[in-house]
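There's a structure below that I have some questions on.
For clarity, chains are labelled A, B and C in written order, and residue numbers in each chain start from 1.
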Amino acid sequence: MHGFAFDVSHMLAGGLVLASFMMLYQDRLYALINVLALHALILALSVAWQAYIQNAPHLYITAAIALVFKALVVPWALRRMVFRLGIHREIETVVSIGLTMLAGIGLVALSLMVMLPVTAHADPVAREDIAMALSVVLIGLLMMVTRRNAVSQVAGFLSLENGVNLAATGAQGMPLVVEISVAFSILIAFIVIGIFLFRIRERFDTVDLEALDQFRGERQ
Amino acid sequence: MAIFSGLALLLCFGLLAGPTGGYAFDAVREVHPLPGTAALALILALIGTGSKAGVVPLHAWLPLAHPAAPSHVSALMSGVMTKVAVYGFVRIVFDLLATPTAWSGILVLAVGGITAVLGVLYALMEHDLKRLLAYHTVENIGIIFIGLGLALAFGANGLATAAALALTAALFHAFNHSVFKSLLFFGAGAVLTATGERDMDHLGGLIHRMPKTAFAFLVGCVAISALPPLNGFVSEWLTFQAILLHPDLPQWGFKIMIPADGALLALSAALAAACFVKAFGVTFLGRPRTAPATDARETDRCSLAAMFVFSGLCLLAGIFPGVLIDLLAPVVQTVTGAHMPTQLGVAWLSIVPIESARSSYNGLLVFLFIGASASLAVLAIHRFASRALRRGPAWDCGFPDPRPATQYTSGSFAQPIRRVFGAVVFRTHETVTMPPPGDIRPARIEKHISDVIWDVFYAPVAGAVWYVAEVLNHLQFLTIRRYLGFVFAALVILLLALVLWQ
Amino acid sequence: MIQGLLVQGVQMALVLLLAPLLTGLVRKVKARFQRRRGPSLIQPYRDLKRLLGKEVVLAENASWLFRVAPYVIFAVTWVAAALVPTFATGLLFSWSGDLIAITALLGSARFAQALAAMDIGTSFGGIGASREVMIASLAEPAMLMIVLSVALIAGSTQLSTIADYMAFSAVGLRVSLALGLVALIIVALAENGRIPVDNPATHLELTMVHEAMVLEYSGRHLAMIELAASLKLLLYVSVIACLFFPVGLAYGYVVGLVLYLVKLGVAGVLLGVFEMSIAKMRVFRVPNFLGIALMLGLLGVLLRFVSEGM
């Protein structure tokens, strides 16, 4: 029988996978941003729980960064960006939502198949967390690949980073300096993406990637 | 396709016979082939028997051949002929090649699952009654192969009782399918004889003109949709119990494939129920759409007797499944080396596939309960409720239209499912042309369905065969000198081969 | 044996009596949220009594199937509801049908309902039946996947055994159970025709699924179908309570009954609140919604196959 601590961390990792699936399901931008905030909130709870059971107080700071930054600041900034850019609020998908979710299930199966045999001798708390974290990363990538809207690609990228965070905290040994540097680089990337989105919008009047593709001149 | 499958089977037998060349079963059982040879023999057996049974992608002949025959022969073809192929597969793979391997289990599971779902999706797109039934045969063969794949999976891991349960489920389903598919084909034949129509969109309202046929056909529809208390449910229940039996199979392929097959099995059962609501509803219910449907007459007593015998069998097999399971036990024992626990002594005639604490089902009690509840309801209603009844025109929200064309056709009934599943599997799309106001032309809707399997597997082969035939056609028009040259070259080559071989 | 029969009989009567009350509670909660006083809690009983006393108006081309179907639907749903443990487990006939049988019995009821809808030959019947089978083609596999994942944890598909296992073994929090709970709630909403899948109070054909199927029914037939629908809602609430919140099922009949009534009350209030907080979906968004339930169920089964701990 596994302990209560194990069960709760497991539940939070599963909740993160569930939130990733919910992001795949959304087809409206504001709802997607809300689910992104939820994703970051679950990550913050998970990291805080890991801090509690591993007795690692620096992880509390990581959890606080995740909460303030990714659950509050970033979604607020994204909402403002959507409003200012006047991006139309429907997200077009490359393949239907049903097929995307089926692909998501396949990716979860794949990450379980890869991670569980490889970490057969590791700490049981860590192994299943890492398998779930890999699935969150893969589903984030799937979102970036199957969406035509630049903001939804940003959302996929951020959820991918959440997955990486989950793996790092679960593996017991993420020093604070690594977390801060990763967070800063994400911040820089985010600001750059924001600037580029504004410039693209100024220039081409749209941020729909299919339309932008035509402007590259390679396809008519 | 028949020649192709015969070729595969002949090659398989050749591989099984081994160096001694004895084809008797005893001789073949003595030969212990190398794993590579055994693998090749299994794949050839799967292709050969699967093609005769109607496994995707080798099923293309089935919906063309089965409807073309007279209906009682179609019943024989779907009910019996395909089961001979299943028998062949069980005999070759389980008996002669007696060592089940993990990858063969995965292969058969995958093939079975895909066949089940694709078969029923094809059936949903159909509006010809007999083609719909033929595609359902494909689906049920898929379900049987899922059971066989589970038996292989458990056998490969040495779990003989679990393999026995899976094999019993597969054989039970084979029996069930023979019974209810024959019943359904008899019903379709009765409809065809009475109206001359096979297209569901030209029928309708036959429940008033052919009530007894409609009742027997209804029993068949309920049975094939795996609804309790009839027999289709029992074999599906046994298959699910087999799926639940050993989640700790070590191979990763099984860990992924068995849950996926469970989902595909559940999906195919739900879609089959949808398809038979469509088949019965459009053909027998509603209002007649054409003159032949309005003038239909009930079939003769012999056909009705045959249909009622099969309906009775469906009910009996659903209520007393333990009897059938015990009858199948000796077969399962010889093939897998174990059998399910004897069902005859279980209290109240339930079936207990593994142990009573785990799961059990009692068809008789469910049937009696439903009967008792219905009787209680009837009694209560007749005591306490008003008995008044008045006939009038249909309500239809206050604007009833007497024309039968306002009813749902088979295509319109299947439209939601076609939109959800068909867009993925068949690349369906609909084009609607609406004439502008004032134009008296009718609006048109065109549905485009592309058969992916035909386009990917059969059309290239057909194209290649045509191409080769065209090229070889030149051989028909050679001069005498060239023909002589051919004979001369063949002779020289054979002599050279003789020289080199020595 | 006699006591067992008596308890089973009490269970069957109990589900029949409580079903309209649950429906009344949901309607009352929804009305309160809309700042209306709402109908009284026993209004569904009054509705049933009124319908039973009315004359049946039957279409001219209705067949015997149209008249028999309400009895079949009611009987099958009642049997399925009687198989679910409400205030105690281990009832006398609870081993005659497990969760898979209960799901299939509800499928039989739906089959009969869809056929009855097609019987008169109006386009409303067709629209109701075709949408209902589309929803069922996704909801039923999702339900079976949930059943499989719970059965893999508890080691059985018998509801009594599962309830005992969940109540007593230290199951802990399992990811597949959480996924199963979310999926089961989605399936319950779809199967009972609740918002966001279907509006049980609609009068607009475009939004109808269940209402379109029963459009031609009146009088005592309609009363039986309405009662069957309430029974189905009670059944799903009982299944959720039995699988995921099996508190009190083994502490004797009286405690079990009181706790069961509490669970029903909580479920009714939560359902009313949920229905008021979101809007009904377009019909072709429902397959995506149910697709989530199917994916979650499949994921739950997959996780159980892969690792014991999940």
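Please note the rule applied: a residue touches a chain if its C-beta (ideal position, glycine included) is under 8 Å from a C-beta of that chain, and two chains touch if they have at least 3 such contacts.
Owing to the predicted nature of the structure, the values given are computational and were not obtained by experimental measurement.
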Problem - Co-neighbours of chain C and chain A - touch as defined - result: B
Problem - Taking each chain's C-alpha mean as its centre, the one farthest from chain B - result: A
Exercise for the section: If you tally contacting C-beta pairs, which comes out ahead, A-B or B-C? Let me know. Expected result: B-C
Fill in the blank from the handout: Between the Cα centroids of chain A and chain C the separation in whole angstrom comes to 36
Handout entry: Separation of mean Cα positions, chain C and chain B [Å, integer]
Key = 31
Practice task
Go ahead and note the Å separation of the Cα centroids belonging to chain A and chain B.
Solution key: 43
Practice task
For chain A, jot down the residues that touch at least 2 other chains.
Solution key: 98, 109
Completion exercise
Where chain C touches two or more other chains at once, the residues are 287, 298, 302, 306
Completion exercise
chain B residues touching 2+ other chains are 255-256, 420
Practice task
Would you tell me which residues of chain A are touching chain B in their complex?
Solution key: 96, 98-99, 109, 113, 117
Problem - chain B-touching residues of chain C, taken from the complex the two chains share - result: 52-61, 63-65, 71-72, 74-76, 78-79, 82, 93, 95-98, 100-101, 104-105, 107-108, 110-111, 114-115, 118-127, 129-131, 133-134, 136-141, 144-145, 148, 151-152, 155-158, 161, 205, 215-216, 219-220, 223-224, 283-284, 287, 294, 297-298, 301-302, 304-306, 308
Fill in the blank from the handout: Listed in rising order, the residues of chain B that touch chain C in the complex are 204-205, 207-208, 211, 218, 222, 225-228, 233, 236-237, 240-241, 243-244, 247-248, 255-256, 258-260, 262-263, 266-267, 269-271, 273-274, 276-278, 280-282, 285-287, 348, 350, 356-362, 365-366, 369-371, 373-374, 377-378, 381, 384-386, 388-397, 400, 404, 406-408, 412-417, 419-421
Fill in the blank from the handout: Listed in rising order, chain B residues that touch chain A in their complex are 252, 255-256, 420, 423-424
Handout entry: Of all residues in chain A, those that touch chain C in their complex
Key = 1-2, 4, 6-8, 10-11, 13-15, 17-18, 21-22, 25, 97-98, 101-102, 104-105, 108-109, 112, 116, 124, 128
